[in-house]
């Protein structure tokens, strides 16, 4: 509680910036651009840059990027991933377990790239397999060993969203499914793929919001982070049986 | 591919039983009861029992349990979690990181219990915190340290489904959200809670299907399993930059 | 037009019975039971029986079957397929191409059985493969040759509804997908599986209503019937280019 | 009834303007712009201005504002709140209880500003707390005393819409929740946030339409107005027990 | 913050009971029954009864009531409002402003009664007007003066849910709309009425969940409570202009 | 049947034009523009003009109108109603009963105007009452006698769509409700108003598609036409009691 | 207004009974049973019976009918139409134009019967055509002349709801479409049929709520009533051109 | 399995191109353009062209076509069908059974054209019937013989989507229904038509995604291909009765 009360944030009037989050989670600070003006993005980026080497801004349209880039010395724009990168991306750290990103089709690549940049910013090694939708299952099977080498797999798919079910059945490691808004008609902007993934017959699959490559990457980072810090964690408490039902042993 | 082709399964006519899955993932065999007759559940359970010490059957109604129990010597029924348990549950292994299960309200307990039994069957230590919905945030804050001791947290909530957003903002470890069908009117049998969780402002939250305590537990088990096996994993490959956009460094 | 005007039907007051349809399409007469009283089912069945050797009644609940059976001499009840069978089912005719019925899980069997009885009533040979959901893809791959021997494949799946996409990618013959209402939570009584199938990345997949095993079987019968009658069809007319766009050659 | 029959309105052909409403409720006249031409807005504004010192026009796009402003002498345009202000805004009246407006994120500010301008036009004092989404709960807790000083609190949130549940649990005064269309994917243009708020576990929360800052401000004004006029109200009638159920005491 | 940390609650294992809420808000303790066993309801009720004179339990089915009543000495069951009442209801306090409850049809009465019992438990005087749906607008107009005597009005309506729009246009005081699940076909269990109310053209209307008479009553109580405590509130702070847009004066 | 077979239509390749419909129903020929090119609209209009004095084209955007008008000698464009008028509109025929068109708000006028032009083209006298939404019920009540003078009333409303329920309760003559897409947030492009109208508590209200002023006008024309031709109709047959239930007298 | 104020209604506490409606519209008084207890239905029926010869109660379940019938001397129960009939049904009046009721399938008969009883109670002659769904279009075409003899046609259809489009294209008289909840899977309890009818390509079709045979019958009665009273109506006013757009002639 | 493992594909980094599919199914290679850049389309087209004479690209916007055409020597653009055609279309092969394409309205032609080009590329003869919506059923009946000459019929319809039900009832051959997004209001971009078709009372109708002319054409091609290869298929296996229910004969 004391910790919580003392957490620092910086007041900009239109925003309150957390300064401790990246320290805590090993993640860079990421500005979510939609709904923010170019001026607001620049101001937040400069403030964060005072405390952090690397600042990202996600979901940046080309128009926003064009307005912002001249005011952020040294920043670059990853157009595929719609990401502004303000500071040096670290080299992949090979002592860390890899995360795989699998995409069903070419049109799913922007969402995969959003995830990829987030992971690159954390130095986690990446494995990428693209265009392996289930209608040509042999393309996936041919890349199975590659996927088995990763500690966590992110599966990005639109249309029928069926790929994570197949991947989830083939891998023992955690699989995070990202539905995309790719499709037409009864895809309802990704709703079909989202429902497919939530109803997956592959047990243990977890799902993030439609097009949320960022969220999947943060989830993967948290898992990798858990793996790396496993040694430092205190022994867990035993189960609290207070409300166990009569039927439980 | 050869491995895949040779994976064993047993043919029952109405079902094909995988015999290797639990070996591979450290999970017990779990029979999903809905849509199966008592006779089918008994037959599958007996077949699995020839290869495994512990067999579970989930979503078993009291009526199904009453029909099945006399034919499964030594099985018990966990009514709260709607789970048939056929074989001995192992003791929690304190050398393994714990999983926390947090519930928003009393009515969410059956879903939490489903997850709890799955985790118990894997010997993963459990931490449980109940009835800490966000409308009384002090109850959650008072249990924060307890949650921080776990490696993975499962948050179970119906109605507004807001609890995972708050928990996800307070913890650095992976958080898996389970919406429940608890609520009425515009909750639409859990749809409201599901949408809340998918749109969470807490980055890195992942979500499973409504009432899917089983799926959340399997996801948590996969993460714990990754942590335990981190040492054995080969070094990851470097990122494949073949389709990087011009903006990427 | 003259043909249309003269098509016979029998007036029962509460129903108008087509007497020519089965002659035309090689299908038995099938009474759709929901919304009909036992008395109405019996009356229609007796009228049809005067003109046809075999009469079926679909979606018959056990209660309806119990009320109807004593009044339909020689009829039997297929409980799994919820079908009343009033008359002899023919032997499969091996000179006719087979139809395959593939199911993702045990709980999808009732819908598959509804389709199977319809096909049996037409003497079309059947191939059945059960419990080959995509989360255990090796079970499907092991039955691939069997499926390739059929002229048409019906794929029945609930939950994520992903199986038809995989099957559709593996087979060159027509594939008809049947979503089932099996699932829970965000499956919304089969809506999720339906959307998955409509958005399938396997081109050429066609879809019927949720749980509509009957419709899939009729569609398959029409295709088989087209194959059998291919020789008798007159040469097709050339394309009418009246409104071709300027870009068309 | 006589009162109702004699209520004045002015006929413009395309609109009937109430002239008594603002007198009755202490609210300024507000023109809802969508679906009206610039010419219509100008005409209504001029008519209203003959009877009222202050006239507002809500949901005015920049294009509409540019077309209308030259014809409304002295009017200004609040771009953030999309509001045309035609006449002097009064000074806050410190003898009146304050209304607090809380926003979850920077992108929710336009909706909050719409509410703020309405409240400013009534001289009700305002308290504003911005960017306190529940994923960083410490930012909200740090502003709790400020919120407790207000008589009514408006909470504006998009995405998961979870903030009102937390605020509603912390405050004893009336809380009005405004979902916003901020979000993407499964937010469905604010539907997710709306459902969250309707299902809030914080009892007594009330909700307005998505992005309806105007409606929330009017509701708050009505409550403040009730407080201010509490003395003038006649003693209430006793409860009419005519249809009380047998179980009621 | 210190206050928050020290808020008392009692741990029952399956529930954490707030002991301070009713003291703070003038509301009785209300147990929400769905999802709780009779045994749990009895246990919570007894614990609460140690600290409070009056304990309520809402949404109690007749079956639950029958199981619970023998164990709660002196409790009665209000069948229309599905409410268990454990302790004496106070007499209406005529020095307090009244709340009106208006219902569109006879079938909406159970939801209105739920609200009525909550208000009775707070001694707030009640005014009730029933069966005044808008298709017979004269019935409403004939009761207008009665409604104008109340400080807050709750309007309960199913089917088209149009009544709150008409009432909201006629009254200057706060109006809270409660959609009910009464209707059929395209009412979708109250969704139609809910949408009508959210889109009301009567400004300032606020809405609660479908069938949520309890929530409406709590919201009304908070407003009445604000009116009663208006004198004790400290002077409000002036508006914080930090992020005002350039267009704001 | 012979009549049906011999009905004339003209083949344009991309369209088949009915030439008898307007003769039969007293309606002008109306071209529905969406999905048609300017060239196609011009071609259909010229063909129809050979047989009819008056040809209309509905849902014409200003862009389409600008492209089409130069090629249709003497046609004019009604911008409010998005209607191209190619030929002389007849004078209202005062021997025919009038149709009333009532609109809830200014923004609903385009839909009302579409209906008005259709009715003008049939010489049916019109009564129009605008901006009488239910939140200011006195504006409607003041125009009640005017509405009672019409034989059919069309009510056009967006947002909450509550106006038809009130009008339907006040008038004995047929009332046709037209929901409009006016609104925002939870209006879902007119879905809220549509559902309100379908669930109206005013018995006998009928409804057309969202924004379908054309359809409402055609329905009204059919009723007026029935009234005018009442004398010519043969005496109706008695009721056919063949399937009457046992309970019917 | 004076008329409106003086309209009589009788106060029962739980209901306000209009006594003038049936006089005004030529309709019997109809009690809508859902949500009312047997005791309430009996009480309302007795009150109405004091003023009217014929009283109906719609949507009466067999259970309700069994409880009510012994207390309503001389009442009978039409089970198919779920209607209680309390008083003598008049003979059809052959001087009045007939209404046709067309049903797509046998399962749609209960909804058609509800409409039929309402029409019988008004002495309007009935024409009924059953089981003419569009999949066997010859059955409809064979009954076309019968339909053309009616002044108004009600079309009742579930499943695809396609019948009204075909009927509406064949008849010049008003057509009212009633979707039914008959169907399964993606019929969503009649939503599919409802949407089909709202989107009908047959201009002038109007629609009522799902299963609302009562509403369709009242709408038909209003049209017949307009026809019968056409002579008594005063000459209509000319069109009010106040807001005509520049493009209108 | 060996076959599957050895299936060739070409790796482009952003895509994996199947080289065997067209050989296997007699279909041309078709590039789905949405989500691909002009550069990507050109690159894939050139690669495919090395192996195939004819390459198509579907859903190409005019902008994409303008960017791509200069780089694809000899390609043409079918604007109506939004299809790029890179290589010679074959002449229709009159020894092959024809496919009919039926459209309900002029606005449905783009979807029909997409299907037509696919079929033209396979040399299957085409029969086209346009603008035969069910509201003018005589236009369809006049073309019935033409449709009966085809082996498969594709029916394309928007708005109410009723045409396939009527066509399906008239033809014995397989019918594939394609809903289009043509319509407005409650058509919900084709959802209404899709639901109509899924709920068709014409048994055996199958459905593809909204606007999916491509998918319907591929399905038709597969059926035609089955007919052509009927002779080469091995005799089918007998039915596997392993799980037949007790009721089955």
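By written order: A, B, C, D, E, F, G and H. Residues from 1 in each chain.
Everything that follows uses one rule, which is that a contact is a pair of C-beta atoms (placed from the backbone, for glycine too) under 8 Å apart; a residue touches a chain by one contact, two chains touch by 3 or more.
Just so we're clear, the structure is a prediction, and the values are computed from it rather than from any experiment.
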Far-end chain from chain A, centres as C-alpha averages: G
Recurring contact interface, reference B-D, options A-B, A-H or G-H [over half identical by residue number]: G-H
Distance-maximising chain from chain E - centres being C-alpha averages: H
Computed distance of Cα centres, chain C from chain B, in Å: 37
Centre-to-centre distance between chain G and chain F (centres being mean Cα positions), rounded to whole Å: 21
Multi-chain contact residues (two or more partners), chain D: 1, 4-5, 13-14, 105, 109, 130, 136-137, 141, 170, 185-187, 191, 194, 198-199, 203, 209-210, 242-243
Complex contacts: residues of chain E adjacent to chain G: 105-109, 130-132, 136-139, 141-142, 182, 184-187
Contact set on chain E toward chain D in their complex: 1, 4, 24-25, 30, 76-81, 85, 88-89, 92, 94-98, 109, 113, 116-117, 120, 125-128, 130, 141, 144, 146, 149-152, 170, 172-176, 194, 198-199, 203-210, 214-216, 218-219, 221-223, 225-228, 230, 233-240, 242-249
Touching residues on chain A, where the partner in the complex is chain D: 4-5, 7, 9, 13-16, 18, 21, 34-36, 40, 179, 181, 189-191, 194, 209-212
Contacting residues of chain H [partner chain G, same complex]: 104-105, 133-137, 159-162, 165-166, 168-170, 183, 185-188, 191-193, 195-203
